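Please read the structure below before turning to the comments.
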Amino acid sequence: MLRVGVAGARGYTGEELVKILIKHPEVRLTYLAATLEKATAFDELFPKFRGRLDLKCENFSVDKAAEKCDLLFLALPHTVSMDFVPKLIKKGKKVIDLSADYRLKNFGIYKQWYHKAHKDKKNLKSSVYGLPELYRQKIKKASLIANPGCYPTAAILGALPILIAGLCEKDGLIIDAKSGVSGAGKKVALGYIYPEVNENFKGYKFNVHQHSPEINQELSKVSSSRVNVVFCPHLLPVNRGIFETIYVRLNKALDLAKAVDIYKKFYKDEPFVRVKNAGVLPELKDVVGTNFCDIGLVCDKDRKLLIVISVIDNLLKGASGQAVQNMNIMCGFGERTALL
Amino acid sequence: MLRVGVAGARGYTGEELVKILIKHPEVRLTYLAATLEKATAFDELFPKFRGRLDLKCENFSVDKAAEKCDLLFLALPHTVSMDFVPKLIKKGKKVIDLSADYRLKNFGIYKQWYHKAHKDKKNLKSSVYGLPELYRQKIKKASLIANPGCYPTAAILGALPILIAGLCEKDGLIIDAKSGVSGAGKKVALGYIYPEVNENFKGYKFNVHQHSPEINQELSKVSSSRVNVVFCPHLLPVNRGIFETIYVRLNKALDLAKAVDIYKKFYKDEPFVRVKNAGVLPELKDVVGTNFCDIGLVCDKDRKLLIVISVIDNLLKGASGQAVQNMNIMCGFGERTALL
Amino acid sequence: MLRVGVAGARGYTGEELVKILIKHPEVRLTYLAATLEKATAFDELFPKFRGRLDLKCENFSVDKAAEKCDLLFLALPHTVSMDFVPKLIKKGKKVIDLSADYRLKNFGIYKQWYHKAHKDKKNLKSSVYGLPELYRQKIKKASLIANPGCYPTAAILGALPILIAGLCEKDGLIIDAKSGVSGAGKKVALGYIYPEVNENFKGYKFNVHQHSPEINQELSKVSSSRVNVVFCPHLLPVNRGIFETIYVRLNKALDLAKAVDIYKKFYKDEPFVRVKNAGVLPELKDVVGTNFCDIGLVCDKDRKLLIVISVIDNLLKGASGQAVQNMNIMCGFGERTALL
Amino acid sequence: MLRVGVAGARGYTGEELVKILIKHPEVRLTYLAATLEKATAFDELFPKFRGRLDLKCENFSVDKAAEKCDLLFLALPHTVSMDFVPKLIKKGKKVIDLSADYRLKNFGIYKQWYHKAHKDKKNLKSSVYGLPELYRQKIKKASLIANPGCYPTAAILGALPILIAGLCEKDGLIIDAKSGVSGAGKKVALGYIYPEVNENFKGYKFNVHQHSPEINQELSKVSSSRVNVVFCPHLLPVNRGIFETIYVRLNKALDLAKAVDIYKKFYKDEPFVRVKNAGVLPELKDVVGTNFCDIGLVCDKDRKLLIVISVIDNLLKGASGQAVQNMNIMCGFGERTALL
């Protein structure tokens, strides 16, 4: 049994990690950490876990974590993870980092978006971007996984097949994204209290959201030239789920059947990507509570436009579910274990 | 035209006051105050008011308020209002205080529930509890109105007729109350962020909610003996509205027709209380956005129980609407003006 | 006092019409019709109107309507209105039709989208598309108004200024629209029950929604060439409100300040369109419950893209509010009367 | 591997059953039935199951069901189940019936509440009311389980310990119950469409809800005299969950510590009932998505009142979860299997 721990166990992604890990037959959850006044039973922090998990949650200590675990999930804030990762890696631990700290390979871009210089360029280099659909082979051998952001997961999976097929303009990608409120984490701010979000809808950070460079990095890698998406996120009054409507300008006319065929072939062996048949569109509720990414397509032949809908649960395929999928791959477990 | 102002204009009740006052044909809104870094156009704080109101909102100054207004609405936190009321009253202003500061006539009880000694016993004595259905004649002549709490408004209106008819046990009143989230004001705390409230429901402060003594005070006054309610509030995942299910033990059997008759007669001249016919129950949406209190009755003859449903919009009949109703009465305007 | 009536008073737009009309100082609501087993007090159908309106709602009769009213609002289903309009017009009544029957000027297109041949080509010709921002002068003299659809109102108002300025590609307009559930009317179908909509989000009728030809018709009229938008509606889990994110490809680089200036100038005399300053985006809750259309802009200079956010309340500026605005213009009342 | 089937697989409880059963290590899901035009892949009816289950859903046939399964879950409407149960029992199948058909042991009461004479008195007699906390030993040997209703599950579990302790009045039990919308099943009716439920709250069927006799039957059984509860259900704008606030008049003073002690002792060996410590109250979200019933207590010594909060997920402990718990007991599987 692999001994695993979660640092940052008190947030929404931490909670989801715990929920999955206690059902995972190949691991034992041995360590939970969060910022607390004093060590507290986890089921006191989250009464829903009473009778399901008997473990204390304590303040994070790298040494303690290393002593107790073979693999660590870090659900810490951006710019904090990189303080701890080098020590854990040095002690031979496997690390799956859910923050943004190891996602952007370019130091300058990291600093520009997260307003801090990167402190751990060595591990940044060897880390693997944990999108199994792109990097499964590298993940198998990795010690450090940069678990993708929620918006980027849906965006990249939605755009990959058509980009790689070379059928679209590199500069015509518009991503109209809508995210449930847990995407902001457990943020206590006026804009997130119930009466401000409920019965409301708004856009924010159009083209200046920190997930843009992550999407651009990964889509550029798989293309022959630089991709620079238009990324417009909106806040959706639901607890969970990301829904992205992606507008792709094609460089030649394409009919729907052909487009669906390209996507189905691309993902035919993927356990967690489901491409809809022509004429059917995915809904948020089909993926909430699951690790799936569902993709649906609409073709506008006249205007040579492909419209891709890509939906995920932001806390699962967009965070904790994908993190466990990565662990399963790294550790040679069945990739779907505890995720179906 | 009466010149009116609102202190505490940035909260939910302040916003509702402004919404009503700008449509009121007998008043001119001349002063808005809130805690701000610097004076700011009100429509910058609340973009929904752009094109409807051109007024700055500034930090509260008693002198400025007195200079600019004939009547002040104070939508300030509890224990803060009583610092300003004496000065305004002294300057001959009319004041409608939406806080709890002048509701409880007993100093000791005030201190017990609001954890501060009362500083203005003189005005406390002369203030009138602003429930028009009970105190219309006194309100006409009042200078200072203690605007009732939201829960107490629904509870008192729901229990009054049967209590005054002398048909129920004084100690058998159970109030199972459910309130929309704006009832907590614009409170920025973990328990009020969207993912914690949405798809959730909970009880809180059973029998220790600060509105209990207010309900007890008013119901005791109209009864021949002390009333001591069981008051159990719950947090309802809606923006607005209070729904109270009140269980009243009768001291003699009563049938539904008779009970409805008692209620209809009691409220027959009231412009903002509507009693349902036998067999019909009110719903929250019938009153949200209005100043009405809707009341429905169910009779359980076997167990000599009367079940009263009393619903209001917590921000209107439970706060700002009732405050304007009080102003209308105090100033001799039509009681429904700007409220229908 | 103008005598007005509403046919189709039982739906969401009918209810909103009544709410506005009973507060309107220049009109008297004299007639309400809906499909009913027997004539029923309106406040029995809608308990929220008790004490505010004392009028029966009866089955629709053109003769009765004509006898009782000077002006009729028809909130009837598409393809039904055109059965009654000719008779009302013939009797000299003014008609504001909230259905789609008189919006599309081209018979063939009407038939293609509403699956019925148009029966009243004569009045179709003389009817005026009731978007005051485009046709105020014609509305003043009109007898029959085709009240615009909810999606088209937000879309056209959002796109007009930049289109008329001649600064964008005619074929690059992408409208990613999100609508609250009341946009579907009071439709009783599995897809609209609470557990299917709540915590869900989905797209529907991409490029095949019946509002597309309406948007195209109006935008083409104001352009020198045919406009053919990409229109992708989504179902938003809120009761009311439409939020459209419109992606406009510019034919030359434009900075944000200049774009905002173009929009502000275009709408400077409009009572119900508010253009946000640069850097500020509208939210749904700023317009819900109002007749305003709020517009915000984001400029992507690199990719020569203008992103327009246009938001309205689908039941007000998108239906009943705009209908009353049209009545106000037709009848020489103040345009804002009863709408602020 | 036990072969199991679900009849009525298209409703919310059917869906939940499938979700649990496909993860259950001791069973194989071999048969799914629902009312359909033609046999359809289950993942076409519920796209969320694509890649997780490959089974057709067909019209229900008793013979087919018996041929394919050892145990049947019937999630059929009330008054329909009793047509099929005798045949399945006769063929030696185990049956867990989620309808009300076998819950009420008294024929007359069944007819009074479900408006049909009972057709299968023989099996009614031998059936076991599937509340493991009361009837675990009988369930072990049962062939036919009457799976409890959702409201009754929460009510009975909440009231049992204090009733059995003999500390309360038998006729003073008031149950103020609030249920999420899925409690009504997948009912397509005006009262359940999103805009009618969202931002609304209402009571319904006070004292005339068909779950009253079920609660009374079970609570009377465990008491020395007839219990007759006051049962007031309300519709809560959430997808799932039942929250009951139960007001119990005590026949002697009791302090909170003692009350909590009574409850904790009563449920100390129960895998799915969790009693809160004194001072802590359960919330709906602690149990949604789980098979737990969480219970919290408040004591009002002055008025000799015990207030019990009892919360469950109506689709799990209130239906499908409990059904699987019953199967686990009947078949000798670990009681928690697939339920944690």
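Lettered A, B, C and D in written order, each chain numbered from 1.
The rule is simple: a residue touches a chain if its C-beta (ideal position, glycine included) is under 8 Å from a C-beta of that chain, and two chains touch if they have at least 3 such contacts.
None of these values were measured; they are calculated from a predicted model.
S.K.: What chains, if any, are shared contacts of chain C and chain D?
M.R.: A, B
S.K.: Count the C-beta contact pairs for A-C and for B-C, then tell me which is higher.
M.R.: When B-C is set beside A-C, the one with more contacts is A-C.
S.K.: Comparing centres built from CA atoms, which chain ends up most distant from chain D?
M.R.: Relative to chain D, the chain with the farthest C-alpha centre is C.
S.K.: With centres defined as the mean C-alpha position, give me the chain B-chain C separation in Å.
M.R.: 37
S.K.: Let me have the rounded angstrom distance from the C-alpha centre of chain A over to the C-alpha centre of chain B, please.
M.R.: Roughly 46 Å, centre to centre.
S.K.: Between chain A and chain C, tell me the centre distance in angstrom, where each centre is the average of that chain's C-alpha atoms.
M.R.: 40
S.K.: Indicate the residues of chain B shared as contacts by at least two other chains.
M.R.: Residues 198-199, 237-240, 282-283, 285 of chain B touch two or more partner chains.
S.K.: Along chain B, where are the residues that touch chain D in the complex?
M.R.: Listed in rising order, the residues of chain B that touch chain D are 171, 174, 176, 178, 196, 198-204, 206-207, 228, 230, 232, 234, 236-241, 243, 245, 247, 281-285, 288, 298, 300, 302-303, 305, 307, 309.
S.K.: Along chain D, where are the residues that touch chain C in the complex?
M.R.: Residues of chain D touching chain C: 12, 180-182, 186-190, 192-195, 197-199, 237-240.
S.K.: Provide the residue numbers of chain B that touch chain C in the complex, in ascending order.
M.R.: Touch list, chain B to chain C: 22-23, 47-48, 50-52, 199, 271, 274, 276, 280, 282-283, 285-287, 289-290, 292, 294, 340.
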